[in-house]
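Accompanying notes for the structure given below.
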Amino acid sequence: MIDILTKNLPILVVLCPLITSLFVVLIPNIFFSWILTTLSTFLTFLFSILLYQEIQIQSHISYALGKWMPPIGIEYIIDKVAIIPIIIISGISFIATIFAYKMIPDEIEKKSISKVYSLWLLAIAGLLGLVTTGDAFNLFVFLEISSLASVALVAMGAQKDKQALVAAYNYLIIGAVGATLYVIGVGLLYGITGTLNMEDLTNRISDLNNNKALIAGFGFMIIGIMVKAALFPLHIWLPRAYAYAPSAVSVLLAATATKASLYILARILFSVFENSENLINNTLLYVILPLSIIAMFAGTIMAIYEKDIKRLLAHSSVAQIGYITLAFAIGTKASIAAGFIHMFNHAMIKGGLFIAITSLGFFIQKRVTINNLSGLGRAMPITFFCFVLCSLSLAGLPLTAGFISKLYLIKATISSDAIWIAILILISSALSVVYLWKMIEVMWMREGRKIVVKENPTIYISLIIITFFNVYFGLDASLVVNGSFEAAEKLIGDLK
Amino acid sequence: MFLAGLIACAITGILILVRIVLGKTTFDRILAVNSLGTVIVIGISIHGFYSNRPEFLDIAIVYALINFIGTVAVLKLFSTGSLGGDK
Amino acid sequence: MKSFILFFILFSLWLLMSGHYNVLIISLGIISCAFCVYVAKRGKLIDDEGLPIFFMPRLLNYLIWLFKEILKSNLSTAKVIINGKVEPETFTVKTSQVTDVAKVTYANSITLTPGTVTTKIQKGVFEVHALNSDFGNDVRTNEMDKKVTWLEGKK
Amino acid sequence: MELILDIFTSICFFIGSLSIIIGACGLIKLPDVFSRIHAAGMIDTGGTAFFILGMIFQTGWSLITVKLILIGVFIFFTSPVTSHVTANLARQKNILPVGKKIGKML
Amino acid sequence: MISSTIGIWNYWIVFCLMMIGLFLVIGRKNFLKKIVGLTIFQTSVFLLYITFGKIKGGTPPILNESIDSIYSNPLPHVLILTAIVVGVATTALGLSLVLKINKEYGSIEEDDISAQDLVDYHDDIETRKSVDLKFKQ
Amino acid sequence: MISELLINAFLVTIMLSIAIALIRTRTVIFTVILTSAYSLVAALMFITLDAVDVAFTEASVGAGISTILFLAAMAYLPKKEEESISSEFVPALSCIILGGILIWCSYDLPEIGQLTAPIHQHIAPEYIKGSKEDIGIPNIVTSVLASYRGYDTFGETIVVFTAGVAVLALLQKNPAKKNKSQPKQKIRENA
Amino acid sequence: MHNNPILRISTKILFAPIILFGLYVQFHGDFGPGGGFQAGVIVASAFILYSLVFGIEAGKKLFPSNINLILLALGGIIYGGVGIVSMLLGDEFLAYNILGSSPQSGQHIGILLVEFGVGLTVSNVMIALFNAFASYDKIKEK
């Protein structure tokens, strides 16, 4: 039995939420469907931890689905890189599911709750499948599972605010166009190589230098993934989708959805196309680097002028995605490791911030804008405290997780002689303090309504967990840092 | 021989397309689309013979089926204003 | 009883289409046919309308006659289209059939022969549109009406 | 033998092609929906019948013949239904046929 | 040059079709038309894949004992089967969203809807502000 | 060979004209019918390109079910598409640029129908051989679909399932009144 | 539209053969074009035809929506179940070889079951989609 378990761990991680979602939809009782969902996400988390241990021993697991050897069948690849997003997604989704217990029945009609939980699990499973698969077309299928499920989840926010529908619609259309562009790219590559397996693809494109179809295929794949990862000019779906989704859903999406796509981006750039260095270097230098820098500033500035807090956080997400892609764009081992560290930390930070803000929204039963936050800090001390810690982490103050990622990022930029980039990063971080301070000031300093609120443990327990990790990884970051460096080494090898 | 059949179908298809474009009433168009479906069913069958693999007539049957159901759906939409109506 | 007849019709259809005669496929066929019959029964589709078996004895005879008619009218419709002598006319005919199925058969037969179309059906009266008066006369002679009544065999 | 069958097929195809092309011409030429239905009927009956007959000559007795006959039966079955329903709806929407009217209209 | 052009002209048509579909998606403001455009776009991409799989003189990839022939490449067919169904799933979800949007906004034109949204958004902020002012007094 | 080219050219011309008509038309019902026609012609194209399974699916799924869904949805939607005020220049330009890139890269794509192309040499022969020997099913597409790439198909089934659940959750009939349940922790305001 | 006898009677006659044809396509996917997706759609189209002609309420009576929901999930469960069984027997996910006495028969069993699962899900999703769209309530006036 244990044997079967360890042998099939890579697929079990994806399968667990996938199969459970098929059952959850049949359970009419709200509580039991929540229990099943939680159990499933917990099991997934457990499996991913086991997988992590397995990875420490084996360092590269290839799982042939249907026992067909890789270029013929579909393959699952888990290595030291893939394990990072797996841990992020499964961990955050477990915390978010606990958080969902109070939030989902509050915002969504009773009749459709079991369906929402089913979609919830499907979104998680889609994201996990996305990062584990080693087949370019299978990736598209899971991309669609996750995006369809998340679109539906975002649209469920329509009971609170009808704008959720438009947000979901835009998310769907832009996402579908992105996915189709990705498929065109895969098709072009398939046309010139005849394979869909990523490792096989890497080998077979190595002798195709300056092939126009290769370049175009690469370009289309990258654009498609960039849409999903919400890199700057293609991010327009993100703020609205995050802002109008039901609270629990925005926590889940903000913390996990773009991370999976970012991982795919890194994988395509550094692993699949590792043999066409020229192409990659040009793309990094002339496309991704400038876009990331613009994203950093555009996101931050948009966030400063934003009044709706959920949108504000979403804009800040755009900026943070900019940091991560910037790290990838520099392209040294240290910087890629910094990208992964920030990916991990940002998931925790944004998860925490969204949990805090949406639980404020839960208590005031209104949309959270900057004006009706006033005085809430005093009324809800626990939530406020955690919120402050997470914000500090976002701004990158020492002793928090955010500090670690900024530190490594700046170190990496300096070591690759790009001091001006380091300065830009610092400026943008400083700007981010502006909007964070604005919120904290309103919540704590401004006299608002005198409200007495009894905070509910089922809500703040997840917040406390996530904040704890924010601080813990700020104090002792060795786990994340080591993992990321190993991942970066695996990705770019000894090339640089 | 089969090619001649296919060409005849193609010519017919073009003529019917002219009617679809000219239109006048919606019913003209529905009628023309339905006839086009029939012609295409014939065309698919002939194409099977033309390419020496006539086993795939299932596609033609499905095509005819879809043609029928589609026409019924369009007509229902016109008669009751929605597909769920009861009249 | 009717269900069994439907089952056998469907099963012979399956055998004709299938072309693979091993135990698995045939047993799947039996299950499929049983399922079809079950669903049809649930939908209250197995009655005289859904399964007009009383046509069966004389159906072949009628179909051959109908084909002849269709050929003839095809030819004359082609002539009309080429000559362009179109004088459409609309008229009503009375029908002598008892059941709805037979009426529908009659109406469909009128429609199937090019040159004439039933445009409305109301309690034993059809409104027919004909391409010119020749076609109209063909319908008005009531030959087809008699044939269908004979096919129905109720009187 | 094969030659004879081929000739039969060719004849059938020729007639079929003629009838579908004439039908399509009729679809364009004739004045209103109701008369166009006749032309469409030509495509559905004459054309289909002859083409399928021609193809049956090619296959002889096999499963393909059964499927061809099924296609034929299906088209013969559904064509009058759609024609009638179209005409009926056109009448319901108060589109009156051109030409003379004999007797009281329903 | 000409021979190579004939060899690939089919691709060109497919690319044109794709771009028409893409134009309908990003150029048109009507929400239903966008979904239609998406369908066209995806269908054209399917055509690209199937074109890759074609072999001259090949037959459909269904084994036949009597004929010994070249079979066209089955892999693109499988991928496209998958993609077609994914496309329908997207279409269905998009249509249901359009229905809901039409119900809530009474329109499916993007210009209309963003105008309504903008008003809503400002309203929200403004009313909140006034409420807060009341509290202060 | 030339006849195949002719058939192809004919179908492609029809598809192009349908696509252009789709750009020009502003009537919803016409749009839906044209989309359906586009799918049907695409299905014919698939038949001529030897993809019978795909043609089957496109005819039934793309043309059949999608059209019925479009029609069902259309009943509740405005019947006309409004002319947009904003210019369509930028989208058109970006489409032309993307199309240009694709046409530029097409010179390096393998010629259509060449047996020597890598796509026909690399993995596909193994499927054709394996379908006969390992699986024993004449339809190679089915064996690849269900066995070699069975996991893709599983994912696809899940996609369909997701869409079904999503639509059911979205279009659930709301109870008559939007009577929002108040949370247990009611805010007590003493303003 | 069931007031129209022609449409009513032809639907009554065609309904069972269409479903049979769908099932034929389902189970002959091994030999010719066809398989779960196509079959699912054809079966669904028979039910859709029924709903179109006899009204959506009659359609829902013929095929209740709660059964629809169960079957919708059941298809996926069958598919996943085949994979899990092969996993429990000691092979990889969806490795059918182990299901039968010989690899070939195992493949046959696996493919049959899997295609059946696909057909079940697809047909039920399509029926559910049609019902959801067709019985959607009218729009609010502006």
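Residue numbering begins at 1 within each chain, and the chains themselves are lettered A, B, C, D, E, F and G in the order written.
In this section, contacts are C-beta pairs under 8 Å (C-beta built on N, C-alpha and C of every residue); 3 or more make two chains touch, one makes a residue touch a chain.
Being a predicted model, the structure only gives us computed values, none of them experimental.
Common partners of chain A and chain G, by the touch rule above, are E, F. Summarising the inter-chain layout, the chain whose CA centre lies farthest from the centre of chain B is A. Of all chain pairs in this entry, the one linked by the most C-beta contacts is E-F. Located most centrally within the structure is F, per distance between chain CA means and the overall CA mean. Using the mean of the Cα atoms as each chain's centre, the chain most removed from chain D is A.
If you average the CA atoms of chain B and of chain C, the two centres end up 21 Å from each other. Rounded to whole angstrom, the centroid-to-centroid distance between chain A and chain B, based on C-alpha atoms, equals 48 Å. Put simply, the C-alpha centre of chain E and that of chain F have 7 angstrom between them. The centroid of the Cα atoms in chain C and the matching centroid in chain F are 38 Å apart. The set of chain C residues touching two or more other chains comprises 17, 19, 107-108, 121.
Touching two or more other chains at once are residues 18, 22, 26, 52, 59-60, 62, 64, 75-76, 79, 81-82, 84-86, 89-90, 92-93, 95-100, 102-104, 107, 135 of chain E. Residue positions of chain A with contacts to 2 or more other chains are 18, 22, 25, 65-66, 137, 141, 144, 148, 151-152, 155, 184, 190-191, 449. Every pair of chains meeting the touch criterion is listed here: A-E, A-F, A-G, B-D, B-E, B-F, B-G, C-D, C-G, D-G, E-F, E-G, F-G. The part of chain D that touches chain B in the complex is made up of residues 6, 9-10, 13, 16-17, 20-21, 23-25, 27-28, 33, 36-37, 40, 43-44, 47-48, 51-52, 54-55, 58-59, 64, 67-68, 70-71, 74-75, 78-79, 81-83, 85-86, 89-90, 92-93, 95. Listing the residues of chain G that touch chain F in their complex gives 29-35, 37-38, 41-42, 44-45, 48, 69, 72-73, 75-76, 79-80, 83, 93-94, 96, 103-104, 107-108, 110-111, 114-115, 117-118, 121-122, 124-126, 128-130, 132-139. Residues 18-19, 22-23, 25-26, 29-32, 34-35, 37-39, 41-42, 45-46, 49, 63, 66-67, 70, 76, 79-81, 83-84, 87-88, 90-91, 97-106 of chain D are the ones touching chain C in the complex.
Across the interface of their complex, chain G is touched by residues 60, 62, 81, 84-85, 92, 95-96, 99, 102-104, 106-107 of chain E.
Chain contact summary for the complex, chain G toward chain E: residues 31-33, 37, 122, 129, 132-133, 136, 139-142.
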